[in-house]
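A, B and C are the chain letters, set down in written order, and residue numbers restart from 1 in every chain.
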Amino acid sequence: MELQAGRFYVLRGENGAGKSTLLRMIAGLNEPTEGAIHIFGTPNRQALHQLGYMAHAPLLYDELDGMENLRFFAQLYGMNSDVPLAEAMERVGLDPRLARRVGQYSQGMRQRLSLARAIFHSPRLLLLDEPFSNVDPDSALQIARLLAGMRSAGNTILLVTHQVGLLADLADEFLLLSHGELVDRGPMPGAKA
Amino acid sequence: MSAATGKRVAAETPPKSMSITRLVWVNVAKDLRLEWRSRDVLNSMLFFSLLVVVIFSFAFSPTADQSRNMAGGLVWIAFLFSMVMALNQSWARELRNGVLDAYRVSPAPAEALFLGKCLGNFILVILLECLMAPLFVVFYNLSSVGPLWQLVVIALLGTWALVVNGTFFAAMSIRTRNRELMLPLLLLPISIPAVGSMVTATTQVLTGEGAPVVQMKFLAGFCVVFTTACFLLFETVLNAE
Amino acid sequence: MKSPIFYVLLLITLGLLGWGTYQAIMVAPPESTMGDAQRIFYYHVPAATAASILFWGNFFASLWYLWKRSPVADALAVTGAEVGVVFFGVVLVSGPIWARYAWGTFWVWDARLTTSLILWLLYVSYLVLRKSSEVGSTSVLAAAMAMLAALDMPIVYMSNRWFPTNHPQPMIGTPNLNPEMQKVLLWNMLAFTMFALLIAWFRFELERTSQKINQLHLRKAAQGISMAMLAPLLLFFQDDKALREQVVQHHYMVAGYIAVWTIYIGYLLFLYSKLKKLNREAAAIGLR
């Protein structure tokens, strides 16, 4: 299966179709039983700095606050400055100066911080697993616009969601999975030309 | 909130400031900070060791001489079981909220995570030992015939020997059922030579009979061999999915 | 088992086992001080040899698996470990039975025994790891564990050599074997090694089949067998000297045989029940 750079893909399918597993495989967390995965020409495990991954679980430390969490992950990517981190938090609608521990965040806030964690290093490929669950409609719209902006900037987005309506205008293509296989793909119904 | 505009596309090559030492330090700092905020590991370890000390003290009430012969074994068994708690907890933290996945998805190498965890656990256990040492002295009328610096060296080497294998097996037991049970089950057989050596050496120093230098060299060798092996195998084990 | 070679080898092995046992009980000359109880030696040593072959097999198979990730390597690894644990278990059971007679005590913490016990424990924990790990990560984790276990063995051995304990060092090693005894020993070594390898082959095929079906079910048939073993053991717990002198050398030999063959038969029954279960599953999904 081949995907083009710079496009916004939506992964659909019934529960258990393997959407999350596919994202995990691309992110290098699971091994494919056959074949190999390449991102922009390099095997996926060697291109991790160009990947941003957001899972169903928040992937954050409860005992640290927002900026501390981001700072830790930033250092894993070799980034030492707070500036892009504060920017990422603001883009998802969080206050970087908030000293509250993530354990005390609301679900929606945690979701947004998790997104911030996925985008602060400006990855060329974004993998998002149900980013709109537990988020109120206004924030969801905000996030959708944020993603559209990233796509316009040339990044590639692969998103799993059940709320397809939200992305009808913004996404380029959809991929339909069933029982672990790709059964259909094509331009988003209702997308602008 | 301003409308999102595109940001510059990230550089093709990974940034350079990612030496393993730096990453290890980042991990250690994070673990210690987490521990400081919640303090559950330290508390449970302290409480458990205290219980062991008190119970054994009731059961045996040794004289100063007797205690010198016994203390080596008793102390290390208490620390070994407390350590198992710390090890389980430290990985359990990474599994809450699935944070471990975030690490695996980042370009940071797995080995840095491993060494960071080992060092973090090592520091915690050494802290435990420092806190417990005066208690042992008090409860068992313990006084050492041999030099104290030897006890320190034995403690450092022995703790590292146990922690390095323990961290490795704790990481393995993430992917098992009965997580808390698997760790001691896997760790204890492999650690038997190290524990035997530590206990013998400690007893030798306390009673003043026999030079523990051979034991210390053995422990050092054990540490080197297993640190290397676990370091090399860790990435395989972390990504075993 | 489809292959006819297996059945031919089975007949040969059974013949050799019978011949070896006959030689061990009837033909080999009695040992001067220990008499019949010494005959335990004729299956104790071969079981140890077979077990070491199997554990080495596990080591190389694990190495191969880490390098190539081949399911055949993984099947070989688990075979080596499991069958090795059974045969080594025989060593650890027959040894103390003999020791109780020869030294008056079941166990001493000397170099060789301690090393053996640790080795056995390492492989038991290997098997426990395999059983309780998530499917998908089992093979890799087990292979890593096998590497560490292999690394530990020389260390354990060295540590026991360098740090002798206070216990007396009884003479375990080979007594000056007269050539008659040597012949019997060699026949038995051949018989038991073939026995071990044959069981291993069977176990390997089981593993390959279950890999294909992708389901593992373990029956605990062995539990009933171990209960049966306890009864004769109770006799040996009495530390009454007079009673011990009454229990003759002959009884120790017999007890040894019963204990050891109970282990072997128990394991074979366990494998058999596993085979039946696998066959049922295979039929259900149309593999045969």
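Of note:
Following the convention adopted for this analysis, a residue touches a chain if its C-beta (ideal position, glycine included) is under 8 Å from a C-beta of that chain, and two chains touch if they have at least 3 such contacts.
From a predicted model like this one, the values you see are computed outputs, not experimental measurements.
Chain pairs B-C and A-B differ in how many C-beta pairs are in contact, and the one with more is A-B. Taking the mean of each chain's C-alpha atoms as its centre, the chain lying closest to the overall protein C-alpha centroid is B.
Subunit A and subunit C have centres, each the mean of its CA atoms, that are 53 Å apart. One finds 36 Å separating the Cα centroids of subunit A and subunit B.
Residues of subunit B found to touch two or more other chains are 241. On the side of subunit B, the complex with subunit C involves touching residues 165, 168, 172, 175-178, 182, 185-186, 189-190, 192-193, 196-197, 200, 214-215, 218, 221-222, 225-226, 229-230, 233, 236-237, 240-241.
Of all residues in subunit A, only 27-31, 48-51, 53, 55, 57-64, 68, 72-73, 75-80, 90-91, 93, 101, 117, 121-124, 142, 145-146, 148-150, 152-155 touch subunit B in the complex they form. Residues of subunit B touching subunit A in their complex: 1, 3-10, 12, 14-18, 22-23, 26, 30, 33-34, 37-38, 93, 96-99, 101-108, 239, 241. If you check the complex, the residues on subunit C that touch subunit B are 66, 118, 121-122, 125, 128-129, 132-134, 136-137, 140-141, 144-145, 147-149, 151-152, 155-156, 158-159, 162-163.
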